[in-house]
Amino acid sequence: MPSTNIYYQYREPSPLRAIWVLMNNNPFAVAALYVFGFFLLIMLLSPFIVPHNPDYQYADAVLQAPSWQQDGQIRFLFGTDDLGRDLLSRIIAGSVYSLGYPILAVFIAAVVGSSIGAWAGMSRGVQSSTLNHLLDVILSIPSLLLALVIIAIVGPSLFNVMIAITLVLIPQFIHSVHNAIYEERYKEYVTASRLNGCSRWYMLTRVIAPNTTTVIVMQVTIALSTAILDIAALGFLGLGVQSPAPEWGSMLARSLDQVYLSPWTMVLPGIALFLTILAINVLGDSIRAAIQERVRSS
Amino acid sequence: MVIQRFWLVLGCCCLVAACGQAAEQPEPLRHGLVYCAEGNPESFNPQLGTSGTTIDATSAQLYDRLIDYDAERQQFEPALALSWQALDDGKRYRFELRQDVQFHRTKWFAPSRPFSATDVLFSFNRWLQPDHPYHHVGGGSYPFFNSSGLIHLIERVEAIDSYTVDIHLAQADSSFLANVATDFAVILSAEYGDQLLQAGTPEEIDRQPIGTGPFRFVEFRKDIGIRYYRHENYWRKPPGIRQLFYTITPNANKRMLKLLTGECDVIPYPLVDKLAELSTDTEIEVQSAVNPNIAYWAFNTERPPFDQPLVRQALAHAINRPAIIQTIYDGNARLATGVLPETSWAFSEEDQTYPFDPERARALLAEAGYADGFSMSIWAMPVQRAYNPNAERMAELIQSDLARIGVRATMVTYEWNTFRRRLANGEHDSVLIGWVADNADPDNFFRPILSCAAKASGNNRANWCDPEFDQLLIDAISATNRDQRVNLYQEIERAVTSAVPIVPIANSLRFQAQRANVEGVELPPYGGLSFRRARIVQDNEKAEQQP
Amino acid sequence: MIRYSLRRVVLFLFTLWLLTVFLFALNYFFPGDPLTNMTGIADSSSTAYATAMEQRYFAGSLLEQYGGFVHHLVQGEWGRSLVTERPVFSDGLTALGASLELSLLAMMVAFIVGAPLGIYAAIQQRGLLDRIIMGISLSAYSIPVFWLAQLCILLFAVKLGWAPISSQINPLYDIPTMSGAILIDISISDYEYKQAALRDALYHLWLPVTVLAIMPLTMLMRITRNAMLDVLAHNYIRAARARGLSEARILLRHSIPNSMQPVVRQLGLQFSMLMSNLIVTEVIFNWPGVGSWLVKAIYERDYPVLQAGLLMLATLILFVNVAVELFHAWRYPQVRKELYAEH
């Protein structure tokens, strides 16, 4: 694109923006973004768009097949479950538990984890290296296992699951932010600004942080897919969100009792879970690819 | 090397997958039977428990009783006792014992003598005498003998000679023989007891059991299964199968699928709503048997606010029981009209229950001072029972019914044995549970679950103790005229209705499904399952049968 | 190498020590009596409780208690289960055997199938197959394992009848449990129907192994492809081509061995992820391994078992990670230089 400026002035796009541009060229990434946006919208609007009360039991329509099957009714688009509750409404309402709460957990973990990571990244010497080794170790233990232990201590409930997942995600953020800052802090531009006499705070927030945003964004996508999977897995094991909350994992678990004759009760929540995670993973993958591309081209 | 091995494995997998089962089954499979049980037994001694799971896994397989009850002909049959007679106006019973009955010979015990009067004394005194060396082994609580009153009824057991035993009673009691014939009154080996006592490991008697039953115990792995082998020297005709395996499969749907794939030969409590589909499959047969049972919702009357009858009545009005029958039992159950089921001779048509009426429930709650409702827990048992195919679903239904009158209910469930232990401790607000009668006497529906004695033994899930009610029960059991008893039991029903320690929900049939080539697995109306007459019809036999 | 190995081993031991501290602390975090949580002796008035109290220095300071705890831990006295009252350690070992069998087989399948597919995708770069393989791998990676396992059971076991629904072997084969790993148990037993039992065990094994292998398989495929693409872009490959080496020779002698380096490095991480799926898979397939043992213990509040399950899984994961790192450093010396340079 020819520059319309009289003076030649090329403004380097911010890392985030550069990646956005690169991702826009990838149709899969765009599709994933739309899917994710769709689920996000559903989640935010869920109280207003559910066709039925997700907890209301229609005693006359127990295990009703989805509307596209022969014996389905249009009243229940996705059919009903074994207590006669509308499955579509439950999936929509469940997005709050299976998508909304993971987002919240990731947000808290990101804020806490990044702050600790930044502090550790700026500090030097023994404390930093010890922390790094320790984190390596903690991260090699699967998050689900750690969450299970926390649940075993505090008992299963929505609040406790949130605590468990948030606690489990924090080390991941500490680790990635710490590493990102560690990598940046000996680069020349940082040294230059240090020689300029910038304060440590200024260095962190204005000099280094902008160059670590992409790493954090990528970590957010990884953490989000982990959080969704773990909350669903805990729900599946009966150790997560308790009934009658329409969490997708626990919906899958309870569908096992009638899966042979009413497969939709298992297939539909599973598809919702699968599509959400797939969208997030494709996004994360595209961001990673875009970062690599950017590094290569710069 | 590793890689080669891998391809070998993979190849085998494909081969196996492609061929399915080999044409000729190896011997263990042809002469073995897999029963997919719904849970782990608490122990291997039925004296210690009341759970149907424990009874099914132990009583009829490992042990024998002095006498058996034949429900079909409605009479007692000789088992380890050849004959019996009532003496001293029914205050003393004399049992002539069978000779040459062998105990199991296993890796951990080699019997040196056959069954004799010593074993009867040992088995009865274990729960009768608090100073018996084995009385406190395994917890020292014998819920059945406590709640049925047998502990107080029997004064002492006396061996006249090696094969004659006298049982002295405190007073004449018409239910004595019925109680001795239940699955709980099993005969253990005194010699084994002595051996363990000497070895200093008495608790093994309930873990590595020795009995005279048709099968001997081999091993138990929790959550995996129990293995039994045929007792070759069984005093009756030894069973037709050489090996019996109980696979622990708590999930009802998985049990049904495993029956379809042939991984289980027999399953208990198939899902009612799938029964129709199962029955059309020619490889699968579904049996049903009348089962004298009642599913109920019990309130822990010791905990506020459930100590107020008004609150209990409100909750009884709040739940939609017909919807429960439709959704949980798929219509395969009868809406309970009282505690006694239709099959009992003391049953009457009069409806003793509260109709579904949320308005009235709310009014009653307001009257009791809980206009804004309260929070409570509903304990739902984690296993299927004949009376309740899915307590957790039932709890969810009730949860939403209660929400309508402003009561916030949470569902609580634990593994079955933990669940029962905590229930006995009274940690619950309310619980969905039930009762299966051990004998045909209507007394068995009240005394074991609602009397003060049952409260003491931890079997009274409502923790409800009313001396007047207990007196009614005693009047009813000591009355001799049947009409008089029927009237007394009606009065008892009305007493339960007005106090509502429990809300009766349903009476249902007991179902069992099996592969078509399994024969002789009977469902007795009283007591546990027996594999004594089970056999597997071989393919070649079938061919012969068809001309 | 020695210095590096020592460092890794010391770090490993240090982590194990932290783990024991954590486990010790757990006994206090869990509801109930710490000594009961540790030993599984529920009756605090029994003589066994008093003996345990003395042996574990429960009258003394926390430090002494911790000493007693570690002492018993090392000796394999992990207490008894609160539910079954059986010794936890011996039960745990057989559970570990069953888990190891499943996870190692799955890892093997993942590596043996995933790596070649990744290499193939890299050679076909940007071709149709490459895109298909990558697309499938991303979707397979996103399927929740508990859903996948159920779908597989429904399809292969119930509809097609190619596999049984659960458990290790038809229980009528009376194989004594020694190691817990069913193939090993059958091999070392003197069972009459060994061949039939082995066939039956494989028939039971293939579905859980496949379900478990899918996630690491797809990950390894992606990693191999990317590593291979990196290697192929290097100058030495171009140089080899210029010298007129055949494509097959370049592939076998140069590109594949070099591309395996990042793959090997990832094996530890993949194993960790596999373990998290293992927990769920074992529960679904009724596999008598550590995962289902641990989950059952959580349901039943069986704290001695819970700790043991946690300790076993965590130690196994840490051990595999260290082993992979040591192997990686030994096999690819160039990495060591990086590691030294970093500090």
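A few notes on this one:
For clarity, chains are labelled A, B and C in written order, and residue numbers in each chain start from 1.
Operating definition for what follows: a contact is a pair of C-beta atoms (placed from the backbone, for glycine too) under 8 Å apart; a residue touches a chain by one contact, two chains touch by 3 or more.
This structure is a prediction, so every number in the text was calculated from the model and none was measured.
Looking at which of A-B and B-C shares more C-beta pairs in contact, the answer is the pair B-C. Relative to the whole-protein C-alpha centroid, the nearest chain centroid is that of C.
Of all chains, the one whose Cα centroid sits at the greatest distance from that of chain C is B. Separation between the centroids of chain A and chain C, computed from CA atoms only, is 25 Å. Each chain gets a centre from the mean of its Cα atoms; for chain A and chain B, those two points are 48 Å apart. Computed from the mean C-alpha positions, the centre of chain B lies at a distance of 40 Å from the centre of chain C.
Among the residues of chain C, those in touch with two or more other chains are 158, 299. Each of residues 254, 257 in chain B touches at least two other chains. Residue numbers of chain A whose C-beta contacts span two or more other chains: 256, 259-260.
Chain contact summary for the complex, chain A toward chain B: residues 55-57, 59, 62-63, 82-84, 242-244, 256-261.
Across the complex, chain A meets chain C through its residues 129, 133-134, 137, 140-145, 148-149, 151-153, 225, 229, 232-233, 236-239, 249, 252-253, 256, 259-260, 263, 266, 270, 273-274, 277-278, 281-282, 285. Of all residues in chain C, those touching chain A in their complex are 11, 15, 18, 26, 29-30, 138-139, 141-147, 150-151, 154, 158, 268-269, 272-273, 275-276, 279-280, 283, 294-295, 297-299, 306, 310, 313-314, 317-318, 321, 343. Here chain B touches chain A in the complex through residues 251-254, 256-257, 271, 273-274, 277, 320, 323, 326-327, 390, 392-393, 396-397, 399-400, 403, 410-411, going by the rule given at the top. Residues 83-86, 105, 108-109, 112, 153, 157-158, 161-167, 170-174, 177, 192-193, 196, 199, 202-203, 205-206, 286, 288, 292, 296, 299-301 of chain C touch chain B in their complex.
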